[in-house]
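Naming follows writing order (A, B, C, D, E and F), and every chain is counted from residue 1.
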Amino acid sequence: MVMPQIPEDEYPFPSRLALGQIIDNLASALFPMRLGPRGLTLETEDAFVVTSLRRALPDLAAQVRMELHAGHAESEADIHAEAHRIICALAESLPDVRRLLDTDLEAAFAGDPAARSVDEVLLCYPALTTMIHYRIAHLLYREGAPLVARIITEIAHSRTGIDIHPGAQVDESFFIDHGTGVVIGQTAIIGKRVRLFQAVTLGARSFTTDEQGHLVNTPRHPVIEDDVVIYAGATILGRITIGAGSAIGGNVWLTKSVGPRSIVQQGAPNVSIERDTLEDWP
Amino acid sequence: MVMPQIPEDEYPFPSRLALGQIIDNLASALFPMRLGPRGLTLETEDAFVVTSLRRALPDLAAQVRMELHAGHAESEADIHAEAHRIICALAESLPDVRRLLDTDLEAAFAGDPAARSVDEVLLCYPALTTMIHYRIAHLLYREGAPLVARIITEIAHSRTGIDIHPGAQVDESFFIDHGTGVVIGQTAIIGKRVRLFQAVTLGARSFTTDEQGHLVNTPRHPVIEDDVVIYAGATILGRITIGAGSAIGGNVWLTKSVGPRSIVQQGAPNVSIERDTLEDWP
Amino acid sequence: MVMPQIPEDEYPFPSRLALGQIIDNLASALFPMRLGPRGLTLETEDAFVVTSLRRALPDLAAQVRMELHAGHAESEADIHAEAHRIICALAESLPDVRRLLDTDLEAAFAGDPAARSVDEVLLCYPALTTMIHYRIAHLLYREGAPLVARIITEIAHSRTGIDIHPGAQVDESFFIDHGTGVVIGQTAIIGKRVRLFQAVTLGARSFTTDEQGHLVNTPRHPVIEDDVVIYAGATILGRITIGAGSAIGGNVWLTKSVGPRSIVQQGAPNVSIERDTLEDWP
Amino acid sequence: MVMPQIPEDEYPFPSRLALGQIIDNLASALFPMRLGPRGLTLETEDAFVVTSLRRALPDLAAQVRMELHAGHAESEADIHAEAHRIICALAESLPDVRRLLDTDLEAAFAGDPAARSVDEVLLCYPALTTMIHYRIAHLLYREGAPLVARIITEIAHSRTGIDIHPGAQVDESFFIDHGTGVVIGQTAIIGKRVRLFQAVTLGARSFTTDEQGHLVNTPRHPVIEDDVVIYAGATILGRITIGAGSAIGGNVWLTKSVGPRSIVQQGAPNVSIERDTLEDWP
Amino acid sequence: MVMPQIPEDEYPFPSRLALGQIIDNLASALFPMRLGPRGLTLETEDAFVVTSLRRALPDLAAQVRMELHAGHAESEADIHAEAHRIICALAESLPDVRRLLDTDLEAAFAGDPAARSVDEVLLCYPALTTMIHYRIAHLLYREGAPLVARIITEIAHSRTGIDIHPGAQVDESFFIDHGTGVVIGQTAIIGKRVRLFQAVTLGARSFTTDEQGHLVNTPRHPVIEDDVVIYAGATILGRITIGAGSAIGGNVWLTKSVGPRSIVQQGAPNVSIERDTLEDWP
Amino acid sequence: MVMPQIPEDEYPFPSRLALGQIIDNLASALFPMRLGPRGLTLETEDAFVVTSLRRALPDLAAQVRMELHAGHAESEADIHAEAHRIICALAESLPDVRRLLDTDLEAAFAGDPAARSVDEVLLCYPALTTMIHYRIAHLLYREGAPLVARIITEIAHSRTGIDIHPGAQVDESFFIDHGTGVVIGQTAIIGKRVRLFQAVTLGARSFTTDEQGHLVNTPRHPVIEDDVVIYAGATILGRITIGAGSAIGGNVWLTKSVGPRSIVQQGAPNVSIERDTLEDWP
């Protein structure tokens, strides 16, 4: 009988399956009364949240350690300490994540006449599913676990067809209606109260290479300012700025910045307008 | 040891997981020889259907009660009676659902030269998966369980990338080829023998608000008459009518009604034509 | 397509699988820090218990309704009310169950020199597994759900080899060492601080029949008074009384009552003794 | 990348897990209304049975092929034909198995004053669980699949603590009360209406060896004639005969045949009696 | 009790669930260190691959037999032989599949500045998931199991939103960025080093019918030569050729062939260019 | 939203469920061709073993850390080091465990005329299941993980009805026939080639207490020398010695040592005999 060396700890790659369960547990901790288990009441809600996080966060730390181990030559102790720091930073920010998601939820409910209740939005809308994944992943990305973060947003991509890179920065009250085919790139910046429809791309126009010809990771995706609405199928490419309050029409192909309160339609000049008149548009 | 009040019945929110299993069971009751369990024969098929429905429909009733409870202040007895009424209405209509799905199946087989058999269509095509979900959800929506209905169509959306609101009305022999990114809104009306390709949107152009500024749920999506074909990426917005026998080209953006037998192409005027000449189009 | 009548509610037989999960959930509510989920703390323990019971008890009520439905011709409303009454009675008694189980736990720890901690007893000893099942089942039996009760004790029987009928009455601080093959009959009565070893039978000696020759369910199993110890393989049959403080030797076959502080050995006369001298026995 | 030879078919050992599921499926086909799925009615019962068997029997055939393959050097075709013959023989005998099990069920109900219904017996009593496994296994043993048969009875052994070798021959109306620790050897023969209690052994007294000193598989376990009752803990060894209508007392050690209507008690001579007087015994 | 005829073998339809597991097993055999189980080392990798294939390939053969059985009237022996031939052909080609996937992996890593490692690409990118499914499915399609092949690509379609027909021919170093909504038709031919973005369609422009009016399965999808890049939302229809080194802009609608090194943009003439100037495009 | 302190590592109690899976994995590593996965060959067997152990042993280490944490006030680093030491000691001894189990297997096959092959013994016999659990648990007990060890033997107890304390010392070629109800105490010592039947107890006769009256864990169970056979239901109590080559009859109650080659029968004097004459015994 052959006997292997027994490693003190094992570091396989982060597991998509495990991360799917962790993210579902975090989601139920964020919205315990709607996504949590049967039988919760207002009195026991807090305790459920605490217990869930005491399970989900150490599980997540284990996944982060796998990423750190695969990527670094650091000592075991350093990897443990670094993973713990990342998880604690996430834990500290979770109340903010909840507050941001509440604004997303409110934006979805306010923005879709077919939505009958906030419950329906949370249980049904792919946008909310995606934002729960993205907002957690973005924190992990920022704190230094980009691979785990990417797996989490790709889980959302597979579930909803919405592809947000965890590096993108998305402010409050963000809503994506229907959502299938939306792509938001790594360096995109999105302001408050922005609304997208299905199949919108916020992409890169060109890639920069360094002296050796390698691609360089520079800001290359759009900046969308506050209160912008972008209709289905619009493609916005490059590090350009869409001014606050603008509306970009369906199927528009846009590679140049537009000022605040612009209206951009296929085959038409950009026009600056007052948003009050937007209702009967596009 | 603390002791809670024990509720006589519990009403959590409807469960996406449970509804996923219920809809799969209903699907296998609708197509027992192809989607049902191993070992069925023509002799035992009917008994399998009866047994499956005696399980799936009470399970569905439990989900409907959760929706009714969350939304109403009615008595327990009323909620039970109402859920039972809804389920019985669904049961009565299931043979019609099967007949409609047979026309969808036939339309898919007839419309795709790559389809080798009706079996392949039923086992592989996202359109059929979606229509099974939609046609059941639409009945539930009509009978008064819109949240359960919406969860069911969102399950299909996640599985296939096709987003049909359960409120939409879709007549027989409907086929969507490939399907990813298709969006069909809540008040859309679709006639017989209509064919869509991937990424088609039947959406709203503007929203109506009431005196308080709240969005109002009025007819705001297109009416597609019989025998229309709409190619990939076309966007049709607002309560407009696409006349019978028309063909809408790929990527077209359309916000005005067109008469029967129209051909609409990007950058070209609308033309009324005889469908016999459509073959070499677009 | 054939369509069944859709029943308003369905009453299959109680499910052994479902009851196994319910009893495991109740066990984790009774001992949350040891049998409950990872991540609990003293602060969140109570909330976990409340939440668990709000799930497990309605699930149990559903099983009880199945038993009541199978056995009675009562109305739906009566069955619901009766099941609710039974579950509430169980809920009220659960703190007592916990207190009794704590005495069992303490008795096991005190009585086995191999036991290293109360944790080991709770996690490992078949006696504790059995008593958790039995003490809950006995309450259900008393309140009127004897079939559900019996399924629960048979689950324990299959898991541990210890067969206690839910009708038996067992007082505090009860311990069974090893346990495989122990049988305790329906009308047995067991006092405080009783200790059994494996393969002990507390059985019936004869059955009474009524005028039609049917077996009659009369008291027919032994009464074991306080502080009795019964060694492995002893068989005690009939409605006899084993006096307080007695010790029954291994493999003894006993069908007559013995007074307090008796010592009964194979092939030896019964002797009344002081328990202080019992240590070097049998 | 290394590439293995791909075998046309694979023959691992028979799987205990797979056989556990197969036997559960056969059990639900034998007692569809009590052990089958929710939602069955008298009208759909037969179809359920047919469908179940069309699944379970080919699955069982696959397990039998694994046994035949492991044990023989026969051709693929022979193994398939032989497995098919065995399964068809089992199928033909299943109605007899059901009839025999009905007599076992009736015997259990009639013999235990604690039994409240035939349902309780079927759902709770380890004896019935064991007999379902044994009666199917015995057929397989007889037809030539002794390893599969043995795995099936060992599954019952693990579930109930009752160890019946599939080679034993057990006639109708057989009941084992409590059951833990019962052992019935390979060549035992048991008549009609026999009743055992827990921890009864029907064992071998000595083994015969051939000229090379190997153990020889000869008749070496008891023959129990009709209407015998054997109380808890009795040990009956060797190819002896217990005459019809006899009663063997608890803990008795018996290695010699006794005539009809004998009563055997520990330390007492064997007495022939009329069974009518048995009531107040042992 | 009714008894069915017991079939010697059962041929239900191929199972999507089973094929999903088989394809996952094949994926872990293709990339054992990244998609395989925990604990593998370079020393044990080969043995894992061999063992996995010895399980996954016979399982796949069983699915192929179901397809052959459903489609043919051949004898059992022929079906077994044919399925075995297909599986052996697949096995022989798996090392090539791995080599092709390595080029896809390299192309993805080289083509996306957001990709940080080959691991990230393999674990996260929907393109790789899709290509693993497609490249295996294409082999099965070619060898004569088109239904099993189609189910496999539809599993990928559901997981990633990328719809590649198994009949399409795709050469090495193929990359699809983001991917949702991509459709590649049955007779498409794609050269080396081709790169697509999301929502690209390589579709058919018209269908050919035979004398009876039935659709005929002729070459009707585009030929994409080496080194072509096609940006998001472009639609390329019909049996046309996109010359080597061309770039097709986003949202372009193209139904005519273009020569090598063409640049095609919305609303602009086709221009032949040197690819070196492509960087700041589209 | 409340936020818990996030522990760097979590130490719940060892998990019976997890240990059940770990022990099954170790069993398949010990007997890969019979208990391992489908598809193994002699060539890939070793690699499977290595891979399995690289998974199962770190999983076991995690369970051991939970035990160490619950029992000690040591530092994290010490707990990790100690758990690693224990697991490495187990790994080093596994080849010996396999050799010992081979002798047990051979003893079972040689000792039961009903056994048809070593495969049957390994797949069916509760004795082998128990010994796999016990021999691993004994190593863990000796190395300092007695709680994990005890959980492992109690898993075997629940599966087979055989209760061996992990502290007992059992030499090679040990066989227990049938097994239900066997109890072997913590300080028992068993020589080579010993054979037990069902319901044999090797127990303690009395407990020693210290000055405070607490039970003291001293040698208190029997020593069984080589080549002893103990028949069903025999009870052997106290720190006595059963001399080599002895035979203890069924149901015997023995509390005094006997010399080598003794024969002990119920109600008969102890006799020293030659084992050659044992065949027609008891």
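Everything that follows uses one rule, which is that a residue touches a chain if its C-beta (ideal position, glycine included) is under 8 Å from a C-beta of that chain, and two chains touch if they have at least 3 such contacts.
Predicted model only: the values in this text are computed from it and were never measured.
S.K.: When you check each chain against chain B and chain E, which touch both of them?
M.R.: Shared contacts of chain B and chain E: A, D.
S.K.: Identify, among D-F, A-C or A-F, the interface equivalent of A-B, where equivalent means over half of the contact pairs coincide by residue number.
M.R.: From the options D-F, A-C or A-F, the copy of A-B is D-F.
S.K.: For chain D versus chain E, what separation do you get between their C-alpha means, in angstrom?
M.R.: 53
S.K.: Report, in whole Å, the distance between the mean C-alpha point of chain B and the mean C-alpha point of chain F.
M.R.: 60
S.K.: Which residues belonging to chain A are in contact with no fewer than two other chains?
M.R.: 4, 10, 38-39, 41, 46, 50, 53-55, 161, 180-181, 199, 233, 251
S.K.: By the document's touch rule, what are all the touching chain pairs in this structure?
M.R.: Listed by label, chains in contact pair as A-B, A-C, A-E, A-F, B-C, B-D, B-E, C-D, C-F, D-E, D-F, E-F.
S.K.: Give every residue of chain C touching chain D within the complex, in rising order.
M.R.: 4, 10, 12-14, 16, 70-71, 146-147, 150-151, 154, 157-158, 161, 163, 165, 167, 180-181, 183, 185-186, 199, 201, 203-207, 209, 215-217, 220, 233, 235, 237, 251, 253, 255
S.K.: Quick check on the complex: what are the chain B residues that touch chain C?
M.R.: 1-4, 6-10, 30, 46, 49-50, 53-55, 57-58, 61, 80, 84, 87-88, 91-92, 94-95, 98
S.K.: Where on chain D does chain B make contact in their complex?
M.R.: Chain D reaches chain B through residues 37-41, 43-44, 46-48, 50-55.
S.K.: State the interface residues of chain C toward chain F in the complex, per the touch definition above.
M.R.: These residues of chain C touch chain F: 34, 38-39, 41, 110, 112-114, 116-117, 119-120, 123-126, 159-161, 178, 180-181, 197-199, 232-233, 250-251, 266, 279-282.
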